[in-house]
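Each of the two complexes below includes subunit A, the first together with subunit B, the second together with subunit C.
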Partner chain A sequence: MNNFSMSVKSANDIIVIMPNGYVNDLGAEKLERACEQFFDKGLKKIVINFSDVQFINSIGASVFTSVVQKTLEYSSVLCFTNMKKIHRDVFDMLGITKHVRVFKDERDALNFLKDTE
Partner chain B sequence: MKRKWDLKRLIFNISSLVDLGQEVTSSKGFNEKMKTTLYVVTGMFSVPKAALFVYDSNHHRLELLTYKGLREIDGISLYIKARHTKTFNKNEPHNIDEIRNNSFYEHNNNAFKKLRTKTFIPLFAKDEFVGAITLGKRLVRASYLQSEKDVLKVVANQMAITLHNSSLFKKLTAKVSENKGLYENMRHIYHDTIQAFAAAIDAKDAYTKNHSYRVARYAVAIAEELEWKEKDVEGIYVAGLLHDIGKIIIDSKVLNKSEGLSLTEMSEIKRHPHISYDILSKIRFPWKDVAHFVRHHHERVDGKGYPDSLTGTDLSEGMKILALADAFDAMTTDRPYRKKLSLTEALHEVKKCLGTQFDSRISNVFFRVLQKESKGETKEAQILPHLDKDFDPAIIITLLEGIIAELSA
Partner chain C sequence: MPLRILPEKDFFGRKEELADLYRRSLEAEKGITQSVFLSGSRGVGKTELLKQLFNNLFWKQDKVAPFYYSINSAILSVSDFSRDYLMRYICQRLAFENKESSLIYREGLSIDGLTSILEERKAFWALEILDVYIQCHEPIDSLRIALNAPHQSTLATGMSVVVMIDEFQRLNNFHISGNAAPILVALFEMPLSFRKTPHLITGNQAEIQEMPIIGALTRMDVQPLQLEDAALMFSSLLDGHGIKISSEPHTLLNHLGGNPFYIKCVARAAGLSKKSEEKDCWRTYINEISDGNIYFYWLSVLKSFFPELGKRRKVLEITNRIYHTGESLAQHRISKAFSLSERDTEVITTALYRAGFVSGEFGVFRAPEDRVLIDFIDCLYMKEVRGKSYRDIEMGLLEKTADTKCKGTSFEMTIPMVREAELVAAQCLEQIGKNLHLDEDVIGQLQMAVIEACINAMEHSKGEDKNIYLSFNFTEDMAEISIESSGRDFVSQETGEPFVGRGLQEDAGRGWGIKLMKNFVDSVRFEKTERGTKVVLAKNLLREARINREGTATGE
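Our next item is the complex of A and B:
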């Protein structure tokens, strides 16, 4: 059973993605595809709000490595917010957070991106 | 601090190996399973671009099975000779620079560039080369620590076994399918041969053209109504076709004689079930009891039949079915010594002989089948098409309803 879902909202040129549930199977690829589509449309500021993410395993981590890779290829800005410590630790360990901006909450990320070209 | 991170790394690796174990043993389809395992590996080592290949030894190629993070690589494959595989360390990650001077790399230079390969892992299940993984640049430091290489080797080993098992399963499935085809061909040949025999038996007796075939069909109709297993139904069909095979050695003049038979001639004819048995018991049929059904198709439930005067539990369901099917066809077809009975007369005759010549339960089943066929309630009629059409179905249905009600009372 796929326990992953996500919602997307936009504010001007900023996209906010809220993954929900377990990021532990190929169902999470939709997050990767969604980011790529936004980048293709020329949107270069993405916030991923982790407040509703319960669990991330190696498959989920793989999805985020792809999202980060695409961010780099499209010279875009990716922000992570509301991360639980356990998820932050895994992302730090995998080098993912070296390539993204991490904020305590979504508002901080939006304020940062507003001032970013 | 370093120790704390080492511990976290260790826990993450163990947890990822558990993920891998769950994926390779899951009931997912093979391609989805392999894609997920590739995600596990790339998640463990933060590799955004990777591909998994399966080895096709017939064409000396590594065929793309699944990939991640790469574009425009569909259909890509790597050329590899058996001698190349000997140069690899089994299931160990090779930095692409290590194999740059290898002719395998030279052959596939462009493909490796498209795949953004930084690390190449040859997959071996025991000593058999089964596939490979290509990994792109990592998000963390480029090189792998020895501890990471050790974990990668464990993961590669697991993926190699999964690939190998799938390959074995595919070969086995192909073999099973091939054998099934061969078996079906053999079965058709077998059936055709048996039918030819049945035709030869019936040809000997001018009055019994297609008798064996009809008896076989009637017996099948009863056996199916009794919900026999498919294989057993096939067995009684064959028994029906061959039940008179012993007549082959009975003198045609006796078989076709229109006037009364002498005692000697009668006992000559009565030899045929025994002869049939002698012939058929030498054949190792794939169905059980064919020879026994045939031997006893002239037995009666009151023990007055031949050749063994069996009665009670010594008479199996199959014997009783064949006896009824044979007698019913004899009643409803012309014989040298009498004209055939109408369907109504034949049904009355069967009913009259219940408990003496015929088994009541089997006969009741037979009546039920006929009733269903008369009402058009069966998918395929097996009895009515072989009878003369000079009866009124409504009368037969009423007659059968009466007989069935009487027997059920």
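Our next item is the complex of A and C:
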């Protein structure tokens, strides 16, 4: 069974990742690898749009701590958008939202990143 | 102990509020603390919270002096009040300086006696305030001097003061030589505005909300206890009677609404009768509301707001109608239904509102959220208006409580232990939630907890049974979901809690699973069963829906 998929789009130097379905350990690791690849290519602005995420479990959420770690190592900016309240609560509990920029929707994040060096 | 308080082990579910108030109190030193109105329903524990704060401030630091004063109904002439307030303030302030708690209880001290103590200790700041007070012969000026004493002492000594006033609404009965002077409460406005002597005020919420000083206060709500804390408190109280219980009566505790006063009353009565099974506890509860401490408490409130014997029967009829009409009642409808003049109806409904028997500060009245109070009124109405016998009342209430326990929806399902099967349970839960019109956020929280519980079950499964057995039970106000599987090693025999050992500790994600469960429901119980292990998740749906509604209303 696999209830996770992911799509990626880019706008200039900004990458937008759209996970879909169930973010468990496997899904989150796919997301983590994708982010690493973009960081390795020198891209420093990543948006993760959660609008199509249905569920996140604790293992999936905790994988995001290493994504945040990588973001800091690469001096990059990571933005979360379109989060359901429950998902926001989970990330708050894990202390992840302290290290990322959270926006109500994708457009707000893109506007913010356009003005960011 | 400076003030008599509950031992720390019996003070449940208030750590955050206490820490917050303690932190705010210490900020008085910087002159940035606003005065606070500590609001909350009767019995929720506001007084205990203030007393705990007083003791913490008294013993744990020496920068901000605490002053606790509970307004006494017998000392409401302005002259008597001023003298008592001032002398108690000076005594408590001196007690704090020397960590000498005996000074707090110096009853019957004369002004001369206090002067001698102050001279002996060279407390010149206090002598100065006392001297000004002695020279003053106007009651209103004396009151001003007393109320401003904390501020004056701060100016003289540099030490900030946190002033805690309990039963503040009683000041509505201020009088000078027998003439009512409730407006004098407005003299608190200035003391309340001083940032180095912030005031914490509490008492009867409905009455304080109507007082002129309310605009000068920041409101802080004291919430009922979470179900888990209520269960801990109940067990601990029974433990004090030498009774160990295998499982707490969750449906009853939920009915008590997290109110520590009710929990104490029922636990004490259950402890004395030495009967602690859930069905016994319901019977104990019925005794409590028909003839026990809860009954006498609410009866005394009713009598104090309606001292005229002739009015009480009508008051009971009106209250019963408001509780059981199923909609809010405007004043004119009550007048018409009971053939009362608008004026008489206003007097009665205002008193009912101020006493806390009904909600509706804009003249449209409805039942409060307190189901124990509703049961008390039902009981009293049956006895006094309908003339029912105690036996009839008991039977009626037992039937009603049986309804509370039984009315509900249950689903059971079995899922195999295969990857991502937890999503099947989560999806079912979503549909159940929609059918029951549950709040979307509540469904999300329950789904999150169920997903984590299922994953735990899969990880700790032992033996050949590779299934997870789920049971979803919903009543009007409560969700209880159990997740059972083989997996004996998951729960410690001694503590009933899951092991945090190999496996859980190594994998940070799994450790978070249990924290997430605990965060999203009110109680998480781990039980050993024939089959293996059962995790029981319980969530109070009424409180959650209220919190979410309030969150939406405040634009969060």
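Operating definition for what follows: the second predicted complex is superposed on the first by the 115 of 117 C-alpha atoms of A that agree within 3 Å, B and C clash if a C-alpha of one lies under 4 Å from a C-alpha of the other, contacts with A are read in each partner's own complex, and residues count from 1 in each chain.
Here is the rule we go by: contacts are C-beta pairs under 8 Å (C-beta built on N, C-alpha and C of every residue); 3 or more make two chains touch, one makes a residue touch a chain.
Just so it is clear, the structure is predicted and the values come from calculations on it, not from any experiment.
*Asks:* Overlaying on subunit A: subunit B and subunit C, fit or clash?
*Replies:* When both complexes are placed onto subunit A, subunit B and subunit C end up clashing with one another.
*Asks:* Counting only touches as set out at the top, which of subunit B and subunit C does A:66 meet: first, second, both, neither?
*Replies:* first
*Asks:* After the superposition on A, what does A:11 contact: first (subunit B), second (subunit C), both or neither?
*Replies:* Neither partner.
*Asks:* Check the residue A:90 against both partner chains and state whether it touches subunit B (first), subunit C (second), both, or neither.
*Replies:* A:90 contacts both subunit B and subunit C.
*Asks:* Would you check which partner chain A:99 touches, where first means subunit B only, second means subunit C only, and both and neither mean what they say?
*Replies:* first
*Asks:* Just to be sure I read the superposition right, which of the two partners does A:58 touch: subunit B = first, subunit C = second, or both, or neither?
*Replies:* A:58 contacts both subunit B and subunit C.
*Asks:* Classify the contacts of A:22 with the two partner chains as first (subunit B alone), second (subunit C alone), both, or neither.
*Replies:* In the superposition, A:22 contacts subunit C only.
*Asks:* Where does subunit C run into subunit B after the fit on chain A, at 271-279, 289-297 or 505-513?
*Replies:* Clashes with subunit B appear only in stretch 505-513.
*Asks:* Could you pull out which residues of subunit A sit against subunit B in one structure and against subunit C in the other?
*Replies:* Correct list for subunit A: 24-25, 57-63, 65, 89-90, 93-94.
*Asks:* So in the complex, the part of subunit A that touches subunit B is made up of which residues?
*Replies:* My answer: residues 24-26, 57-63, 65-66, 68-69, 89-90, 93-96, 98-99.
*Asks:* Using the touch definition up top, name the residues of subunit B that touch subunit A in the complex.
*Replies:* Contacts found on subunit B: 5, 8-9, 12, 15-16, 19-20, 32, 35-36, 39-44, 46-49, 68-69, 138-141.
*Asks:* Which part of subunit A faces subunit C closely enough to touch in the complex?
*Replies:* 1-3, 22, 24-25, 55, 57-63, 65, 84-86, 89-90, 93-94
*Asks:* Residues of subunit C touching subunit A in their complex?
*Replies:* Touch list, subunit C to subunit A: 418-420, 422-423, 426, 441, 444-445, 447-448, 451-452, 455, 507-510, 512-513, 515-516, 519-520.
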